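Across the two complexes that follow, subunit A remains constant while its partner is subunit B and subsequently subunit C.
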Partner chain A sequence: MNPVRVAIAVARKDLKSEWRTRELVPALAQFVVLALLIGNFGFQVDTHNASAIAPGILWLALVFAGLVAFGRTFAAEREQASLEAMLMTPASPVAIFAGKAIAATVLLVLCEVVLLPALTLFFGTPLSGDVVAAVLLATVGMAALGVLFAAIVARVRARELLLPLLTLPLWIPFIVAGGQAVQSAMGLPGSYQEAMGLLLDFDILFVVLTSLAARFVLDE
Partner chain B sequence: MSFVVANGLTHWFGRDLVLEGVDLVVDTGEHMAVLGDNGAGKTTLLRVLATALRPTAGRLQIAGLDAFREKRRLRHHVGYLAHAPGLYPALSAVENLEFFCDLQEVSRTRVEEALDIVAMTSVARRRADQLSRGMQQRLAIARAILHEPRLLVLDEPDASLGEDAAELLTRVMQGKTVIMATHDRALANRLCQRTLELRHGRSHGTATRLHVVT
Partner chain C sequence: MSRHERWAAGAVALMLVAGAAIFLYAPTDYLQGPVQRIFYLHVSSAIAAYGCFTVVLIGGLVYLRRESLVADRFARAGAVVGVVFTTVTLVMGMLWAKPIWGTYWTWDARLTSTLVLWMIYAGYLLVRRLADPGRQAARIAAVVGIFGFVDVPVVHFSVTWWRTQHPGPVVVNDALPPEMLATFLLTMACTLALAAVLIAIRYRIETLSDERMHMAEEVKVMTAPEPRMAP
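What follows is the complex of A and B.
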């Protein structure tokens, strides 16, 4: 059984379902724009403080959009009772998990396509390749963790409450390192390279750990 | 030759004992019906036999292999129809099956064959959420036989199927070892050589021979 083929099949299936129903991405895109709008009105934003405030608003919007996006990955499977059918195949649970994580990452990246230009629009901060790279790098590790916890909480009734409680503490390293990377990319003091190195380390650590844990979470 | 051998299958959900020491033996090519009222433990027993659920106690061998140690290997040989169809509503019937072809590592040419067996070729391109409940059940059955399993575990396969349920299930079950749960004794009598009666999670007597289907 080729795990890459399985992961691609699972990701393609999730993305095709989202494309047909358009349940998640349009709602999330609206959510991130509204979050930026509230941030814009909530703070006295001017040319001097925009680059200090914008990264915080960016990560807040991203974290809450991520919770919704990742929360749906396994909740929908449970509601449709389709997860058991998928797990009854000889396909590796790790490959299934990877496919779900890839699809969730793509969906969040689509929201970031709206989020990052909107941030520039509302806060006047530069939209540079460095900012994009930092956000994308953080998204990978956040998706791995978010999808794993989404799989764990999918079988409980209070999953909407439990998912943030479990996920947010473990996302803090991404928010700290990602925040630092975005701030320095926007011209504030701090080492961009160091923050990106940290993000990469966290990505590797959490992708490996969640892949190992996925087998036990999904197996029964 | 025995294809499925279960000894003392027992399962607790929290404090509820849902299966209590169920023993059964199913020979290769034999069809067995599991009968019982709602809550008798039929679905739990079938989930255990399909290796979807590990029992609290007891042993299960399928094709001579320990069903839980060799679970993943056995899944090439086990087809399971769950109580709920478990389809992807936004995907068409063909797309649902093609997805499972990729997961089962079988050729996509099997999709057409499986749809033909369940008489669904005319609605193959229709989305699963636009199919009637009976058609969804047929699609779920097609998914269960997609990889040509040697053992079929069917949980109320006749649900919503309509008048031709017996004919369709005869086609589906042909040449396979089958364990199916149903409320319909007449259907069980027609399709299966033996029955197992479950009451409150316990099997009442060993499986009873009804008649031999030739």
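What follows is the complex of A and C.
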């Protein structure tokens, strides 16, 4: 079986089922807008400090939306025990994992489509191509790690508790580099090029590592 | 006295020797005063913690390759002991930072990555507690341990843009007077011995708890009610 076709088929299945139920994306969109609202009240945002605070609120909202999204990645599989069925087919576990990761990335990107304009609307920060590129680049690595740990906790009791505890420390490199990139794209000091280069390095490192580990996590 | 009790007594004696060297033999720092004596145990426990997490990494890798129960028990033992030594490092560092830097905490590369290290392996211990024990838990934990080991240098590297307050390595730079260096090397050797003994004791505990679980399962099988036919 061609692993690329398997991955695309799995991703398409996940996206189709999301399209039919329309559960996750509307919930995530509402969640990120609520996060912005909380950021506004928590920080007492005005026109002077908005550009300094907005990048932080962006990453907080994105990280927690990501946790909610990845926590749901294996929900359908768990409820219908369909993961075992998928693993019984000759398809390689890595390809199945890649498919799940692609679908989860697309869903998180859809949530960013709401988050970034909303941030511009409420905080008056520029919505430039640089900001979008930094967020997208960080999303790739974060999704790879998030889906791996979602797969890990899927068979554990108290998975809602464990997912953030395991995922957040591993996301910190992306938040450090991505935060730096978004800050400099929004006019604060710092090198945008350097931060983007680092983000790319982290993406490559963690995508390779997660695909190596996926076999041990899914293969049962 | 069992073998493990003798080892434990030996480790305690060694730590007392190290304590004597720290407080009686090592000279008082000219600038920092007696607070500087925290240095010896602070750096030694950091090194011991790295050693423990290396045990977790190797145990995890060996487990994923060979499914060896011994490797998994070593990984479990290393994680518990490593978290203890990381806690010691963090707490002693904070106590040292307050009088010298004027604050318990600052977001510098070394402090941040050590805190992340603590968080990752505390998460590892939680996985071990929450996952049903056995093959599944061992595999999951091995993956967590390997990723944790990779993440820490990455975090350290990525936050070095921010100004660094924590001093660099003084031992390898030849910056210590000979008495201080001797005290440090002695403390480090004693702390590593303590870590090794703690891992050995923990390994024994993990072995016993594996055996107990195994026995409990056998009892469950033996005492399970006979399946009854429907009337």
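By our rule, the second predicted complex is superposed on the first by the 220 of 220 C-alpha atoms of A that agree within 3 Å, B and C clash if a C-alpha of one lies under 4 Å from a C-alpha of the other, contacts with A are read in each partner's own complex, and residues count from 1 in each chain.
To be clear about the criterion, a residue touches a chain if its C-beta (ideal position, glycine included) is under 8 Å from a C-beta of that chain, and two chains touch if they have at least 3 such contacts.
Bear in mind that the values here come from a model prediction, so they are computed numbers and not experimental data.
In the superposed model, A:80 lies in contact with subunit B only, and not with subunit C. Of the two partner chains placed by superposition, only subunit B is touched by A:21; subunit C is not.
By the touch criterion defined above, A:6 reaches subunit B but does not reach subunit C. In the superposition on chain A, A:89 makes contact with subunit B only, not with subunit C.
Residues 220 of subunit A touch subunit B in one complex and subunit C in the other. Subunit C meets subunit A in the complex at residues 64, 116, 119-120, 122-123, 126-127, 130-132, 136, 139-140, 142-144, 146-148, 150-151, 154-155, 158-159, 161. Residue ranges of subunit A in contact with subunit C, taken from their complex: 145, 148, 152, 155-158, 161-162, 165-166, 168-170, 172-173, 176-177, 180, 190, 194, 198, 202, 205, 209, 213, 216-217, 220. Listed in rising order, the residues of subunit B touching subunit A in the complex are 50-54, 72-73, 75-76, 78, 80, 82, 84-91, 95, 99-100, 102-105, 127, 140, 143.
Contact residues of subunit A toward subunit B in the complex are 1-2, 5-6, 9-10, 13, 16-17, 20-21, 80-92, 220.
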